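Below are the structure tokens for one structure; questions will follow.
To keep things simple, chains are lettered A, B, C, D, E, F and G as they appear, and every chain counts its residues starting from 1.
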Amino acid sequence: MKVRPLGDRVVIKRLEAEETTKSGIVLPGAAKEKPQLAAVIAVGPGGIVEGKEVKMDVKVGDKVFFSKYSGTEVKIDGEELLIVKQDDILGIVED
Amino acid sequence: MKVRPLGDRVVIKRLEAEETTKSGIVLPGAAKEKPQLAAVIAVGPGGIVEGKEVKMDVKVGDKVFFSKYSGTEVKIDGEELLIVKQDDILGIVED
Amino acid sequence: MKVRPLGDRVVIKRLEAEETTKSGIVLPGAAKEKPQLAAVIAVGPGGIVEGKEVKMDVKVGDKVFFSKYSGTEVKIDGEELLIVKQDDILGIVED
Amino acid sequence: MKVRPLGDRVVIKRLEAEETTKSGIVLPGAAKEKPQLAAVIAVGPGGIVEGKEVKMDVKVGDKVFFSKYSGTEVKIDGEELLIVKQDDILGIVED
Amino acid sequence: MKVRPLGDRVVIKRLEAEETTKSGIVLPGAAKEKPQLAAVIAVGPGGIVEGKEVKMDVKVGDKVFFSKYSGTEVKIDGEELLIVKQDDILGIVED
Amino acid sequence: MKVRPLGDRVVIKRLEAEETTKSGIVLPGAAKEKPQLAAVIAVGPGGIVEGKEVKMDVKVGDKVFFSKYSGTEVKIDGEELLIVKQDDILGIVED
Amino acid sequence: MKVRPLGDRVVIKRLEAEETTKSGIVLPGAAKEKPQLAAVIAVGPGGIVEGKEVKMDVKVGDKVFFSKYSGTEVKIDGEELLIVKQDDILGIVED
């Protein structure tokens, strides 16, 4: 079972500090107040959103930074995910 | 008797935890503060809404996640429904 | 004497619980905090409203749900009416 | 001496309960919190207002309901008038 | 020395009760909370302001009502003036 | 070293009361709460700013009034400057 | 590893007072409340952002002033960076 996001929404999964240190990224310890690193799980189709053309710039598998406090938490098959608008994604991390 | 929503509005019915666990979805217990899973009951025609073209992306029968606190509760034939704007629907759940 | 609403405004009259139960609709008792059911009394011409094209989707006689706290109360020939914008009308009730 | 309103503004004069009961309209007694009935005294030219085309729908002599708390009070030749935007006018009363 | 206002701005000078009673206008005494009557001293060129076409409807010498609390006070050659946006001017007084 | 402002931004330098009285302008004493007189030091290129065409109306050397509390202070080569948007400039002072 | 910013976002790195005094710029001591000087590390592609065409005016290596409190802090390879929107960049410092 999965979620197909609407419009310019993107389903992401937070990357924990444990996972990210493997790839060399230094994440602040108990980073409640810090922006977040996540993996893109599903990407909406874009198109006309609130009357404006939106082109999707992220794709499934991208590692991204996103604005803290953005989006809505959903729980699917026991997994905690986040549905954000693409505009809440700040940048794509490239190794 | 039913409600025909105007513009980009959608009539949805909350799916209780009891129903959803049957289909394998894990919903947090007393999830007052959590986003909600619902079934789409009726869909507005879309078109020009507040001066902007809106295309309807959901259809009757879709299982959807929607933003908490969004929409307006209505009670029809004893059934509690919610009328939301399509923009309050985050994504469609696919089994 | 009657009111001809301007632009995208609609004159509606609240339907009391007494009237509505006749038609099978279950309305919550002292529903001060709940959305409201009303009958459409007069409909503005639509057209360009605040720079945006508005098409009127309701007609005189429609039974509608509207957002609570929306609109302005007026009293005409002893009758309490409400002038709302069409966007405050959530949906049309069909029997 | 008179005021020529700019843009989509309209000069109106409140109709007191005394005057209005003559014409059969029932106005609530000390209606401080209620919408108001007024006569249109002068109408702006409309045209482009804040970048949007506005067509004037009211004319001098119209009896109108307007939103409470809207507009600005002016005093001309000892008479208390109100300058409102046309959008603050809810509807035109027809006898 | 004078101020040439930019865009849709207008330089105005408050008309005191003393001056205005000469011309027959009745102004409330210590009208701190009341809209104001002023003379237009200088008018900006209009044109595209914040992306919207603005046509100037007032001219130097006009006597105008303006919204209270609007604009910014400037002091030039010892004279207290006010720079407002044309949209803060409600109407032009005609004798 | 200098700052080249972006978009519709303008770098200005406050004119102190001492300097301005030489040129005949009367500035209120400790005018913390008053609008400010400044000299234009650098002007951005204008063009499309937040999706809107902006034409620059001020030039280096102009003496201008600007809205109090607007802009951001920067310190360059020991000199306190202010970077404002052109829209925060009310008018140009002409001697 | 680096961050590729989306849309009109720019990755910048704060320039400390130590570094900047070398190049002759006077930075206020413990300037917590002051605007900031930074070096541009990465620049988004611009294009249509929230329905508006944005052209990028800064390039990697530019020394810029940016609005205090703007942007989001990210930490990459142990380095503290800031992701801001280009509109939060006030001007480019030229030596």
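As a working rule, contacts are C-beta pairs under 8 Å (C-beta built on N, C-alpha and C of every residue); 3 or more make two chains touch, one makes a residue touch a chain.
Labels paired with UniProt names: A, B, C, D, E, F, G = Co-chaperonin GroES.
Since the model is a prediction, treat every value here as computed from it, not as a measurement.
Participant: Minimal path length between chain A and chain D through chains that touch?
Facilitator: The fewest touching-chain steps linking chain A to chain D number 3.
Participant: Which contact partners do chain F and chain G have in common?
Facilitator: none
Participant: Where the CA atoms of chain B average out and where those of chain G average out, how many Å apart are those spots?
Facilitator: Comparing mean C-alpha positions, chain G is 41 Å from chain B.
Participant: In whole angstrom, what separates the CA-based centres of chain B and chain C?
Facilitator: 23
Participant: Residues touching two or more other chains, restricted to chain C: which are they?
Facilitator: Residues 51 of chain C each touch two or more of the other chains.
Participant: If each chain is a node and each touching pair an edge, is that a line, ring, star, complete or other?
Facilitator: Contact pattern: a closed ring, each chain touching exactly two others.
Participant: Starting from chain B and stepping next to chain C, in what order do the chains sit around the ring?
Facilitator: Listed round the ring from chain B, with chain C adjacent next, the chains are B, C, D, E, F, G, A.
Participant: Considering only the defined contacts, which chain C positions touch chain B in the complex?
Facilitator: The touching residues are 23-28, 34-35, 51-55, 57-58, 65, 67-68, 86-87, 89-95.
Participant: Sort out for me which residues of chain D touch chain E in the complex.
Facilitator: Touch list, chain D to chain E: 1-7, 9, 11, 42, 44, 47-48, 50-51, 72-78, 83.
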